[in-house]
């Protein structure tokens, strides 16, 4: 139980950086809102009608991601807590950035209800990147990562909408690719082969309760994905199509993932992590083209391919990658968001080429633009991710040492091991056997707690 | 711990059937959508307005049922995982069936956003039947059960709407009765008195965490039941009435169930399973008549009677049924959906007879039709359930043997017992006592794991 | 384990009171609805449009509060179960009271869809008060508390809207203050220094799973708070403002609470209970003024102050109060709802004074009325709380004795300690050591269970 002990220097250090950095960020954001941003409170019926969908996305991002990441048995508090922290900070930061780049109106930087919606959706890449480095960074590093990632992602969207003339919706769909590859680059620089100690591997093993919490987050994301793929669309026919098509793709990817999961296992058993991650792949892949497809079988095929890609790549890719230890991807965001996102982007371009130009008036030129957008996103995310990863290695942020990976203890007070009740019952159970069990209880147990809690 | 061991033949067998059957089903469904179904993507404002209610039903069916069934302490993965699987497959199958039977438009089989909503609601009987056989069937059997149940349920609805001229809404409300009695028939043929071994009974005992997950699913169903009882209604006055009345019935059934649960217990203690199941009975029973009742006290009375029926029948009926071992009903769907559904159907007919004909223009003849619908549903569900149950006994599907009942191990990889942390702590706690505890840990623990995971 | 034993007289007593009292209440409510209340089923488009927001509030109140209170590791069933019970009863009672005081129309007491929404929101103070006495009262006492609290709260709202001419929305926002101080008064009379035994303190310690369930409830409340702060507003511009401003305040209070939580801890560690409670403070405080503020930085400042108030007061206040043992506040409702509510009320008055009278036409006189409302609410809640607390001490209600505090066993059947699986595994693990462990299992374990379950 050596890995439970913490050098006192480490823990005291977060007290010196975390509160002040967070407060600075918060007050800075407040001041920017105070002096640099005007707000447009003129009423717009259209935006209020979007409110139920906004709430769906809210649930998806806050509850969905928070609990999806709660699958590490010793890292539940951090997964849920840091997710809401990143959303609360990232949202303000994204709204500011969007106001500066997109929100000009009569020479003023203006925000409105749409800014809230766009801001919330812009937090997505930060959360995806959090998934890749899950358990390997402290909250200060995570906040800095979000602070660096947001501007690049907003710039990416700005280039796409301004110079490549693609819509708000499609530009936002690149969040999946951006977040995944940014996170992988950061993770590449911040994890090393030496981290795969036996203790760390044990901490990455799953456990029933935490896996159910994670499934619960994944189900929320699954259910509300149609809202995510449709909320930014202005045209009501496109919106209705997007909802419809996304649901079909999601349903097909669930069935596909169950098949593949049983197929790749030697005993034909299913794996919860396959199912949980793979079932979201359909929604990611179909995001680009859901609004324009006219036949459900096309979206179903996309969902089928996404399910296959996600679960097969996870099975064969991750094992190889882990062996060569190039990149450690705790949550497997590469297989949930990265590859299905790429698949979706490519399918989008292919569909445009093969489209019936009478029904959808889009130029074949857009197919090339589609591929260009993917390449731009990949380039920007990888380069900025590497720079960010390099900065975050800095000792200033006091990154957690490897034996603190994947556990709540360095960041949260007194997280006892689950079920002290059970251990107590056990003591009681054995008390007739050992005569000195009564003084074992006060003398031994506190030691464990102390070690646990540093 | 004999029941944890599995013959290797068994586990390998699922690998031979599950993936291929699932993939076949999925590709078949894709081909049907490709060649036989046209889709109507013309925009309809009315359907998009229903989207928030559609999402409520989505949550109710996917999260609600999935977690409601997670009350078996060793069966959480299967409950949640197989629920989403059944929905994902059943939805496609139901949409196809609905398109063939109901969706004719200009000689084509047409689907639209309504098809998605109707399809999702048609999955309900399959999930209810899953509740009756919970823990006693493998995923291949469950998929086959859904495949057989859907056409009969759709046929049932077709006969009701076409020949008995009742509306979409009322015909859908028979899902509760259909699902419950279909499931009970299947369960009757697939469970035997010999399954009630001590080990199986232990596995059916509840545990705090799984019970809370289950309560959580039940609460989602409770909250969104008003949406379920109103979404298919076209008339906005009826819709508003249905929402209103359902909420009252649900509230009354909660209070009633708490009283009865304390009353029937010798020590006046409450039982979580009573509360969880009984509180839904009000929503089931009021589904038929919620849209037409004009006085809240009538719906409150229905909720009161439903609560009484559900909790009293569960207490006195189940004990007797278990003794005679006629039918084993794991989740008690008979008391949540079956009996309250019958109560609701009968009340509906009674209310029509006593209705004030000036305000609601319905003929007394409809009362007889109402009873006829119930009898038709009962007949179809029992007969088709028996046939399906007989087919599913077939060795081809490799049904799980009785000592594999109510546990995840045969289907999911390496579900460790909850809290390996606790056991570790215990080892540590006792280490001073036994000198050889250090080599106990590596030598003994893997054995357990091996046994657990087969 | 002496505190697990229960005198048989106690448990039998609930059987004599609980079922009959609950049934009486339910039948009484049914009779009132039958004879004294008319219902207005005339359709109103506006109310049906509110349905998605109504569902948000439904989720917030039922799931949110139920699981927020599930943080006590031995009190999960009661927290979730009694919450839904209080809502189901309180809702009917509140609708009746509202119909009698507010619902006159042509000489009749009329209810409609709005009554359902107002009724649901009126249950909030009862749930907040439940949080203050969490684990220290039996369900009969809780029901009586709700029965006494509702009329005073409705009277409070009646006086405010009728004589102080403030709107429905603002009058409802006083629910936070009312509920918190009512609950604290009741708790003051029903808890004593002697309750702080070692066993009770141990039961108040948290545990990972229950804390995650609690966080999950808190997140639902956080996400849907914008709906709560906007649903009663008629004007669509105000509604849209309220949604917008509430979200900003909530986001800022999250970041603030994280900073403060790390700052006040000696090792710079975060505390889950701080985060969980403090992040809601922003929503509470901004509720009063969200609809009228025109600049986001003002709401952000309110959120910032609310986060500071909540987490600092919790840290320094609660320690002192616990030492003097004046008031025991299990869930800390004083810091989630009480103080932030007061802050919000005062800010509201200050904002009115400093408002630009051209844009918002409100009189400076309203600022004084605002302060008057707070004082009225405080006075009514404290006085009625003290009277109710005094009545509830009565032996007739058989309050639980102090060694039954904070646990499910007196009220729920056979709640085993979490994870019997773990204890079993432990027995197995140690079996080679002790030769008689085989007969330990059948002989010793049932004893524990018996003790646990009384």
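Letters A, B and C mark the chains as written, and numbering starts fresh at 1 in each.
Operating definition for what follows: a residue touches a chain if its C-beta (ideal position, glycine included) is under 8 Å from a C-beta of that chain, and two chains touch if they have at least 3 such contacts.
Which protein is which chain? UniProt says A, B, C = Ammonium transporter AmtB-like domain-containing protein.
Just so we're clear, the structure is a prediction, and the values are computed from it rather than from any experiment.
Peer 1: Nearest 5 degrees, what's the C-alpha rotation angle taking chain A to chain C?
Peer 2: Rotating chain A by 120 degrees superposes it on chain C.
Peer 1: Would you kindly state whether over half or under half of the residue numbers at the chain B/chain C interface are used by both copies, giving same or different?
Peer 2: Looking at both copies, the contact residues mostly diverge.
Peer 1: Centroid from C-alpha atoms only, then distance chain B to chain C, rounded to Å. What do you get?
Peer 2: Roughly 32 Å separates the two chain centres.
Peer 1: If I count partner chains per residue in chain C, which residues reach a count of at least 2?
Peer 2: Chain C, residues with two or more chain partners: 52, 209, 417-419, 422, 426, 430.
Peer 1: Enumerate the contact residues on chain B facing chain C in the complex.
Peer 2: Listed in rising order, the residues of chain B that touch chain C are 1, 52-53, 56, 73-74, 205-209, 211-212, 215-216, 219-220, 222-224, 227, 236-237, 239-241, 243-244, 247-248, 250-252, 254-256, 258-260, 262-263, 265-272, 275, 279, 294-297, 300-301, 304, 417-419, 422-423, 426-427, 430, 434, 440, 444-445, 448.
Peer 1: Quick check on the complex: what are the chain C residues that touch chain B?
Peer 2: Contacts found on chain C: 8, 11-16, 18-20, 22-23, 25-26, 29-30, 33-34, 37, 39, 41-45, 47-48, 51-52, 55, 58-59, 62-63, 66-67, 70, 76-77, 80-81, 84-85, 87-89, 91-92, 111, 113, 116, 139, 209, 213, 410-413, 415-422, 425-426, 428-430, 432-433, 454.
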